[in-house]
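The structure is given below, and queries will be raised subsequently.
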Amino acid sequence: MNTIYLIKLIGEIKDIMAENKDYLIQLDSVVGDGDLGLTMSDGYLAAYNAISDGTETDVGKLLYTAGKAMSVAVPSTMGTLMASGFMQAGKVLKGKTELTDYDIVELFSAYMDGVMNRGKAKVGDKTFLDGLNPALIALRERIDKGESLQAAANASAKAAEEGFENTATMIAVHGRAATRGEMSRNLKDPGAAVAMLIMKAFAKSLAD
Amino acid sequence: MNTIYLIKLIGEIKDIMAENKDYLIQLDSVVGDGDLGLTMSDGYLAAYNAISDGTETDVGKLLYTAGKAMSVAVPSTMGTLMASGFMQAGKVLKGKTELTDYDIVELFSAYMDGVMNRGKAKVGDKTFLDGLNPALIALRERIDKGESLQAAANASAKAAEEGFENTATMIAVHGRAATRGEMSRNLKDPGAAVAMLIMKAFAKSLAD
Amino acid sequence: MKKIINKPEDYVNEMLEGLYIAHPDLITYTADDLRCLVTANKKEGKVGIATGGGSGHLPLFLGYVGLGMLDGCCVGDVFQSPSAEQMLAVTKEIDSGAGVLYIYGNYNGDIFNFDMAAEMADFEEGIRVESVVAGEDVASAGPASPGEKNTRRGVAGIVFVYKCAGAAADAMLDLDEVKRIAEKAAANVRTMGVALSPCIVPRVGKPGFEIGEDEMEIGMGIHGETGIRRGKLEPADQIVTEMLDKIVADIPYVSGDEVAVLVNGLGSTPLDEQYIVTRRIDQYLKEKNIKVHRYYVGEYATAIEMAGFSISLLKLDDELKKYLEAPARTPFFTQV
Amino acid sequence: MKKIINKPEDYVNEMLEGLYIAHPDLITYTADDLRCLVTANKKEGKVGIATGGGSGHLPLFLGYVGLGMLDGCCVGDVFQSPSAEQMLAVTKEIDSGAGVLYIYGNYNGDIFNFDMAAEMADFEEGIRVESVVAGEDVASAGPASPGEKNTRRGVAGIVFVYKCAGAAADAMLDLDEVKRIAEKAAANVRTMGVALSPCIVPRVGKPGFEIGEDEMEIGMGIHGETGIRRGKLEPADQIVTEMLDKIVADIPYVSGDEVAVLVNGLGSTPLDEQYIVTRRIDQYLKEKNIKVHRYYVGEYATAIEMAGFSISLLKLDDELKKYLEAPARTPFFTQV
């Protein structure tokens, strides 16, 4: 696993966001301003374009560059949070050119830290974190148990999906959805859907 | 004929304007802003109220007072023109306490002068003048021929009505109706209707 | 009718009460009549300048009374003239011996009442009054031939006349001179507007006219007077081009001439759109080699909540430029 | 969608072009990016103040850059945050060694990007940046308990924060002091709004929400965020009373307190209506024996062409009063 794999991974994320553009627009239209499909497809495309030439061998620098490109392209809530995730992962993995399975766990863990540092949300606040957090737990558990990265990625994608479904029981306390208060319950969180899509793309990037 | 008669005359005008309020509104709504019914009924009421106590014996002063009250109450186009008519008649008849039939002709003639001095319109411009002017001609002719004031007044009311009907052949060059240009043809002029109503009230004031 | 008001019949007076509350340092009223607005800072020996007209055009007319601009203003009901009596009261209050100049728009009711007031001021009070009537809407009529009466409507361009005349009076010029400056400004200003939606006079309660969801009316007046043509809404650049073609042809301009530009929102047109309009005006005038001395952008003369805008061009010479640049401070116009 | 625009995707940039054309003496831009607006009159050694946020709120945010107020401003697309990168460019341009203060509204996207920009300014450029987040819409959330995060939206009241902080910076106070003043103003301002009609984001092309012909929504935010209640449109006096009850209870006030009042039109509300509102505010505050030091009435923070208004009260002490009264000159705010 090296920067070539990361280009593939980010490419898969870019593709899945493009495929689910209308779905994300629809989710965000109900609780927010409806731009999430646009920002996620544009944002990951910008991230991908910034790193896809394959000249960068430093894993950390590649991730940081992807994040910076995303922050310039889509300065929305999720755009900036995803950029912050990439940039934090970049800082943590800086200097590496090869990644172990544990480094992949570290990557997602740092990504989550980046989002949390920037967004100051907690698990349970009905955000992106509620999709990513269960996925990260599943991923770490399986790798700790010695399962293959593919098996762990599949499990984490499933966990992310469950996390996303679960957001329908929570009350939003951040962003536009929060202005609806109690009315936000029963609705699934669009940002958590993004976490689910990322983990699906991750599973796919190992499968093909 | 003295100020008591003038109070009766202005009272009749006030009544006919009140009765024809909706009619004038309707006429003015087509070519103008629709306020003519309100301004004429309010304006002549104000004029009447200012002079109806019967203490004034100077014909000229009474007419001037009526005009001034009207100008304060309804500063619209027709309101100010009618006020100017009264005030001019007041100036011309100042000092008199008794009126001959010729003085009555003078009264309407001065009223017309007041309107013309203020409005700078000519006969044929599709205005109030095109109702009053034929009435004034008829009135003067009949009195000159020695007919009774009642007969002369009846004839002048008829002439005013014909004058009003005739405005449907003219193009408006003053006021809001003028902004319609050629489209103003075929429509009767609301201000000329006011002249017709004044002359009808005049005929009635002699009949009862 | 969706308005933040109390009783429609109290609309004008309650608006005026709010105005005096908000600007006590600049304006007050006379004759115990809220509709007779006068400056709170009378300057002795200065020519007084008064204006007036119907309500519903804020910041016109009230908003330009203050330092370096107007001294008094009478307003009537919405779209209705104030009375001669009220104008006389204002005239008496603002005269300090140097006489009074009336500057108002070219509307029947206003003309009659201002004329009557001028006569009364002369006869009853011995105050010399001169009048300048602004009529610069090129869409409302053709230009007047020499000696003929100008039948064009007065619209937003009157603000330029106020500004130049106000500065001239503030410089203590005499009545004839102030009148000459006002006439010069009035002779050099041209305006044209476009409307996208009607407005509702509170006491009437329904729109003054109907217009399709995709239509505009080029040349419409600020009371909803019929314009030059009604058609499908076009891109901003195209609308501005059509308007400027008419405005610029009317003076006419030669290469190198200098102007001041007023972009005026009619009530519910966002500032953003007014700046998009400004951008195209600048392109257009650059193509014609007409130099813009200064832009004014915002709401200067509205039609309640009408959507649309107007463009006014004031052709400048050194004299007008000097008076345009002078400082002023009023409730709605502050220039330092 | 009835707008005077060209292509919806050019809306923001063309508006900006117009803005620079109209106000060349006050504003310019940096980093070859129209959306990175900075003052044309940089004052050496002064603390720089920057703001920013989505477009569609003119005169917010752009219109307050100039003398005695803000030094820089970044805008994004309509209702969308600008990027951290853009904010960094402005920060670099306006810093002259005394550091930079960010003042912006309490919105997720803005917070994240300003925070990121502040980190970049520190790490990459060694510029000290402090931030004050304005959130004063009493309709949007309850007051924050001590130590808790303020979740209220920032709306028109931010203009008071700009004014006081801008004057403090202009008086050459240091960054800590300017921040203290900004925080004090932010802590003492409260706002509430009401909306009568939605607005249309040009690239979306249809209204952001629906509302009945006879309805209003009390407490709605300036992007159309849900308010406190929706109901039948009421007389102006009644609406104002309901809003002030909420605003005044939130501080709370005691008899004899002094305030500045901002009456803000949301886009298509005529000035007349804003003055009718002003009238009732004055009555109300007199009843409570709260003294009004000064009124500001007009459009200060809009939601494109939304109909409605907001009321902001700034509780004053001698210090805030001093900075509020200081002169300022920007494209949309001139005080002498």
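Order of writing sets the labels: A, B, C and D. Residues in every chain begin at 1.
Assume contacts are C-beta pairs under 8 Å (C-beta built on N, C-alpha and C of every residue); 3 or more make two chains touch, one makes a residue touch a chain.
Here the structure is a predicted model, which means the values were calculated and not measured.
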Grouping of chains that still touch (sans subunit C): A, D | B
Most distant chain from subunit B, judged by the mean position of its C-alpha atoms: A
Distance between chain centroids, defined by C-alpha means - subunit B, subunit C (Å): 33
Gap in Å, rounded to a whole number, between the CA centres of subunit D and subunit B: 58
Subunit D, residues touching no fewer than two other chains: none
Shared interface positions of subunit B, touching two or more other chains: none
Topology of the chain contact graph, where touching chains are joined (line, ring, star, complete, other): line
All touching chain pairs, where touch follows the definition stated at the start: A-D, B-C, C-D
Contacting residues of subunit B [partner subunit C, same complex]: 33-35, 68, 71-73, 75-77, 80-81, 83-84, 118-120, 173-176, 178-180, 183
Residue ranges of subunit C in contact with subunit B within the complex: 76, 79-86, 108-109, 112-113, 115-116, 140, 149, 151, 153, 204, 221, 223, 225-226
Subunit D-touching residues of subunit C, taken from the complex the two chains share: 2-7, 11-12, 14-19, 21-23, 55-56, 58-59, 194, 196-197, 213-214, 233, 235-237, 239, 263, 267-279, 282, 295, 297-299, 302, 304-305, 307-309, 329, 332, 334-336
